[in-house]
Amino acid sequence: MRTVETRLRVRYSETDRMGIVYHAHYISWFEIGRTEYCRAAGVPYRRLEDAGLLILVTAVECRYRRSARYDDEVRVATSLSELASRGLAFSYEVFDADGRRLADGATRHVFADSGGRPTRAPADVVDVLARFRATA
Amino acid sequence: MRTVETRLRVRYSETDRMGIVYHAHYISWFEIGRTEYCRAAGVPYRRLEDAGLLILVTAVECRYRRSARYDDEVRVATSLSELASRGLAFSYEVFDADGRRLADGATRHVFADSGGRPTRAPADVVDVLARFRATA
Amino acid sequence: MRTVETRLRVRYSETDRMGIVYHAHYISWFEIGRTEYCRAAGVPYRRLEDAGLLILVTAVECRYRRSARYDDEVRVATSLSELASRGLAFSYEVFDADGRRLADGATRHVFADSGGRPTRAPADVVDVLARFRATA
Amino acid sequence: MRTVETRLRVRYSETDRMGIVYHAHYISWFEIGRTEYCRAAGVPYRRLEDAGLLILVTAVECRYRRSARYDDEVRVATSLSELASRGLAFSYEVFDADGRRLADGATRHVFADSGGRPTRAPADVVDVLARFRATA
């Protein structure tokens, strides 16, 4: 199953008084990971959203293994773990520059129209994601 | 000139690796200060925005005097320093629980319609703000 | 089992381009919930941390049911779902002003010393939390 | 005077309910700009801080010209506008992908020791920055 990697550098604003990245920021990093996944698949999320297809978050989970610090380079590896016409799920692993896993997690989503009502994604969007996901 | 006070407690997520509040968060606190100013004046900002009147930020400035820390109680004192049909300006002072000034600053704004185009605020909105501002 | 309630008002900075609260901010709200839980129990988290006892986050999960919007008042209900000398777990429910559940979730934690190494919490801290938790 | 450029892509978490980047995030972008400036000059800020030299923010200002949106690529151009043994000042311009200026601003700083007390920066740090700054 395809994995898309995104590199980030830890911002000062992402640290907390423990000197490490505040845990909620990993959830934003997951969002960056799936943004880049969709772009790599050829369906940039902004284009979907501008066309009236929203991808709402219905659940998120994250397990923290090691800390990241200011100015560290981290790598988010994102894969599309589930895909259906009604919704999808992504899974994520975050690594430091030495390849040690800092965190892993998952998000679940439903498709919605611009009014926020659950909807089916257009078949071509699902097809493009399905093909991308299946290719190594 | 009227001042409206808002109390906040510093969130863990607002601290940085220096152990103090990350400086950009004061800019968000200013926004909370003007939200509460408008509410106290009888023109809740959300209601204005839902009615199609946006208040865009065109400039912000802040000077930092002392640090705030996790779980500190701080007080934001907000006043409406300029008011016209085209825009307005707020000024802010942030104090700790002992009344020491942590920071002060200002923001400038223009009124805009829901499409983001500069506009004049309705006369009654300006009037209400003007009366509120003049009363101690 | 005891629940501690905390009220928050949604900040403009917490909204995103969908017009709703960005999902990662619920994770920060959970942190506010447990800060207030510990304060209510008589062991303010800042005092613990200043005394060298850290409470590290090892896992977080959140399910999203309904959206919150700018200026909404929300209520975070926090309970201490697990407690041991090595760590603890909190669970959370977030409600809107009409009592509808917006989200619920949980966090898991280990105690650590000021160097970040896992440790046992002092018996008196565990005792105080245990007694508080058991009382309605 | 030397300018260092940093490219960023707007995160979903940085947008607000107006559909544009929340204004306080530009202040964090400035911080990313000066982080990259110091790295380019050969004195990575994290290394300075780990060696006990803090660079505290004493003032910030920003003027907003145009809006940025989710997934836009923006460019932060940072220059070191003042440099002395006691402190320094940076100025910033933020551009969109078409070279239009979105915002500009400045920050002022004092050097401090690890206890937060004002101090002089080591002569070699000032020298390195001065040489870098003078070279086109």
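Read from first to last, the chains carry the letters A, B, C and D; within each, the first residue is number 1.
The definition used in the following text is that a contact is a pair of C-beta atoms (placed from the backbone, for glycine too) under 8 Å apart; a residue touches a chain by one contact, two chains touch by 3 or more.
Since we're looking at a predicted model, the values are computed, not measured.
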item: Chain separated most widely from subunit A, comparing mean CA positions; value: B
item: Higher-contact pair (C-beta pairs counted), C-D versus A-C; value: A-C
item: Rounded Å distance, subunit A centre to subunit D centre (Cα mean); value: 28
item: Centre distance in Å when subunit C and subunit D are each reduced to the mean of their C-alpha atoms; value: 34
item: Rounded Å distance between subunit A and subunit C, as computed from the means of their C-alpha atoms; value: 24
item: For subunit D, residues that touch 2 or more chains besides their own; value: 12-13, 17-18, 24, 28, 31, 49, 69-70
item: Subunit B - residues contacting subunit D, complex; value: 17-18, 23-25, 27-28, 31, 49, 54, 56-64, 67, 116
item: For the subunit B and subunit C complex, residues of the former touching the latter; value: 11-13, 28, 31-32, 35, 44-46, 49, 69-71
item: Contacting residues of subunit D [partner subunit C, same complex]; value: 12-13, 15-20, 22, 24, 69-70
